[in-house]
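Each chain gets a letter, A, B, C and D, in the order it is written, and its residues are counted from 1.
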Amino acid sequence: MTSAPVGLSREQMAARAARDIADGSYVNLGIGMPEMIAQFIPEGCEVILHTENGLLGMGPSPDDGYGDPELINAGKRQVTALPGASYFHHADSFAMIRGGHLNLCVLGALEVAANGDLANWSTGGDSIPAVGGAMDLVSGVKAVYVMTSHCTRDGTPKLVESCTYPLTGVGVVDRIYTDLAVVDIGPDGFEVVDLTAGVSFDEVAALTAGPIRDARSTEVER
Amino acid sequence: MTSAPVGLSREQMAARAARDIADGSYVNLGIGMPEMIAQFIPEGCEVILHTENGLLGMGPSPDDGYGDPELINAGKRQVTALPGASYFHHADSFAMIRGGHLNLCVLGALEVAANGDLANWSTGGDSIPAVGGAMDLVSGVKAVYVMTSHCTRDGTPKLVESCTYPLTGVGVVDRIYTDLAVVDIGPDGFEVVDLTAGVSFDEVAALTAGPIRDARSTEVER
Amino acid sequence: MIDKRVADPEQAVAGVADGATVMIGGFGEAGSPIELIHALIDHGATDLTVVNNNTGSGEVGLAALIRAGSVAKMICSYPRSTNSTVFPDLYRSGRIELELVPQGTLAERIRAGGAGIPGFYTPTAVGTELAEGREQREFNGRGHVLEHALTADLALIKARVADLHGNLLYNRTARNFSPLMAMAATTTVVQAAEVVSPGEIDPEAVVTPGIFVDRVVHVGSPAHESDLVARGVTYP
Amino acid sequence: MIDKRVADPEQAVAGVADGATVMIGGFGEAGSPIELIHALIDHGATDLTVVNNNTGSGEVGLAALIRAGSVAKMICSYPRSTNSTVFPDLYRSGRIELELVPQGTLAERIRAGGAGIPGFYTPTAVGTELAEGREQREFNGRGHVLEHALTADLALIKARVADLHGNLLYNRTARNFSPLMAMAATTTVVQAAEVVSPGEIDPEAVVTPGIFVDRVVHVGSPAHESDLVARGVTYP
């Protein structure tokens, strides 16, 4: 086995994903790595962040000493509210999600299958099952992006033929941002639409456990 | 046919019904005669009026020149809002109704059947059908009272064996206030629980077209 | 910078197609977006399905839209009002269709449409002719009717205050169906008496979050339907 | 005069029976009515079914209620948190039941309970193990799960401001499930940091109308769960 190619850092992945978010979008960023995208929204692009616990217009963490333990995000971290923000209850918040009003959500993943199935809520086995809003998000939001390392720490591919972990949603993923590539879900499986500098398609394909093709030529120039 | 007994005026009927409304009740009063009940709530009894177009804490008509054409009741008449009022949208308003949060509604009637069926929204035939919130109210509010003349203008009973007009709800009416009597719906039909002064049970029974019994002796003294 | 303003009511209703479903806020005249409705008449779209609690009064606003022949079908709870002759005349002569829905069911169907709930069960109307032939089911020993969500291509909404993000405040009982319709339409258009910058509306008090709003047009002194009717105004 | 105040948290939770279903507002610590929960522990009711998004943290508030052995079953979306060991320990040893519900479905089921809607269809969870064995149905060519309303005997809610009628304002994201739970419970009990006279809350800004509230207790300086946990406090 050859050594794994050197991919993007978490920050670089977040910055790469941030580049693709359209100005004026309403976006929900999952707990953990996806949250970092907020720091990399380009100048001149205004994105309104939704947190499912009842806030549109979420801003960054408060300065030390200025937080309110009752102004938090879905990860229960203290945040702020930007001008133009609104608070609402959970039924309204999930009406936004389920009703298709959010343009985009970005979530983490345990596995993504070649047909867009996502597993990200349960490793099965003995862990306490906890689903939160993940199933609502993937079934309701217009575009579902995943941000994840291409492989687990031990080198096992996370882009797979079909998921082995319990599903969060069936055929829901539109695009995956990994440290190695940007991968769309196409009719025939994974489609690489962008590669990290210094990484080849063949290297990505070798670390992907499902049907994958190079779709870079069909991508519109940026 | 003997001459009809002399019954209560509309104002007297409203005052009679008002006597039975418990302090602190949340009440919806139907368009027309039931609305008049608001004027007769006894001193020391505080009743919070709901209007299904989105207001709790409805007050009386505004003084001339102080009305707002966007502060109206379900009958589209200008009203006021009392201290402690709240505005809400139609889904929340009918959640109050359907969810059983209102203690009482008082509605008009074309006919009430001995089993509590109510007909009050359509005379059938050529008229433009219009139902408004009547079916929601009778299916959701905890207690449904009817306020109506005992007979139509031509002397036809409105308390009947079974309704001939299209139904608003099945078995929904709890009590009827007429110009002649207060009539509950019991397991075996109409039960007279109070009579207008000078009116006899037999007179009421003669003007009622369904099973009726005198239940005054079983009523708790006031 | 997010700025959902458009220049005038004409631009606010641009793009509506023949055959569209249009939700129009208001209960009677409270919350009726008359200037937007008049712009829709001028636009000329036909064969519309219109959702509103009523059918308008006089010959302005919703009644004028119906009189103009733009409306193939009304979905409403109470198509009769004082000073309302336009709809009754067309209905009696079979030139307009009516879907009569109990008011609370209408509100809930619109909310469901906005919330991604395709169907729900309600006890309202069970045993009446409005439930005849409808799918029914018992819950807790009581009959319920299956009701389906309502969605629309366009919603026309009247607000008291909007900010540039589309966050809305309403005026008293003018709120009624509007927050629900804003959720249920593909394109939600708002006429607001006052338009302010983001941050000027208390985030705790926002009634309709801007995510549900696509276009905002400033109509500083909106007409009141009852005034127009009293003055005998007809539109156009 | 309508005045829904009671003297203290003990009176606020009086009357709750063993085996009751109790909805408790809050998402994590935001909106958690700690003083009411502690009063419920003191009350001693057992065999409770508790509805909350989470299962508490440390050994105060909801976690303390669970640790006290009062809770037979949790209905929630996310029974794991930082500093949460009480529920996991009981769950692993089979001494507490868990009904896991997707967060949006949980919210909608509570709203449905309050709105008199016994069942509704949602696309959430279709194709996952949380939908296994559940009744499903297609709408618009897409699968949906039938979900049932949730109601409760008691709701414990934390508000920023209440008036004597029970009209409520919340604090930022402390709102979360509370307005829904207030609708869905037979008896809704509110602890409010500030209690004012009717008319002092703008009727346009009321979040929970007083009709949904039964008892109000003034808790002027409510504890924050994270503070208590950081200080190692346990209750009782």
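Note that contacts are C-beta pairs under 8 Å (C-beta built on N, C-alpha and C of every residue); 3 or more make two chains touch, one makes a residue touch a chain.
Computed from a predicted model, the values in this text were never measured in an experiment.
Asks: Once the contact rule is applied, which chains count as partners of both chain B and chain C?
Replies: D
Asks: When A-C is set beside A-D, which has more C-beta pairs in contact?
Replies: Looking at A-C and A-D side by side, A-D shows more C-beta contacts.
Asks: Using the average of all C-alpha atoms in each chain as its centre, how far is it in Å between chain B and chain D?
Replies: The separation of the two C-alpha centroids amounts to 36 Å.
Asks: Counting in whole Å, what is the centre-to-centre distance of chain A and chain D, each centre being its mean C-alpha position?
Replies: Here the centre of chain D sits 30 Å away from the centre of chain A.
Asks: For chain A and chain B, let me know how many angstrom lie between their CA-based centres, rounded off.
Replies: Roughly 56 Å, centre to centre.
Asks: Residue numbers in chain D touching 2 or more other chains?
Replies: 108, 111, 115-117, 122-123, 170, 172, 204, 207 - these are the residues of chain D that touch more than one other chain.
Asks: Could you check chain B for residues that touch two or more other chains and list them?
Replies: Residues 81, 87-88, 91, 94, 97-98, 140 of chain B touch two or more partner chains.
Asks: Taking touching chains as linked, do they make an open path (line), a single closed cycle (ring), a hub with spokes (star), an all-linked set (complete), or other?
Replies: The chain contacts form none of line, ring, star or complete graph.
Asks: Would you mind giving me the full set of chain pairs in touch?
Replies: A-C, A-D, B-C, B-D, C-D
Asks: Chain C touches which residues of chain A in the complex?
Replies: Spelled out, the residues of chain A in touch with chain C are 24, 26, 46, 48, 50, 56-57, 81-88, 91-92, 94-102, 140.
Asks: Provide the residue numbers of chain D that touch chain A in the complex, in ascending order.
Replies: Touching chain A: residues 27-31, 77-82, 87-88, 91-92, 98, 100-108, 110-111, 122-130, 170-180, 207, 224-227 of chain D.
Asks: Quick check on the complex: what are the chain C residues that touch chain D?
Replies: Those residues of chain C that touch chain D are 108, 112, 115-123, 137, 139-140, 144, 148, 169-170, 172, 202, 204-205, 207.
Asks: Would you pull the chain D residues touching chain B in the complex into a rising list?
Replies: For this pair, the touching residues of chain D are 1-2, 111, 113-117, 163-165, 167, 183, 197-199, 201, 203-204, 206, 209-212.
Asks: Can you tell me which positions in chain A touch chain D when the two form their complex?
Replies: Interface residues on the chain A side: 51-55, 68-72, 76, 81, 87-91, 93-94, 97-98, 126, 128-136, 139-140, 166-170.
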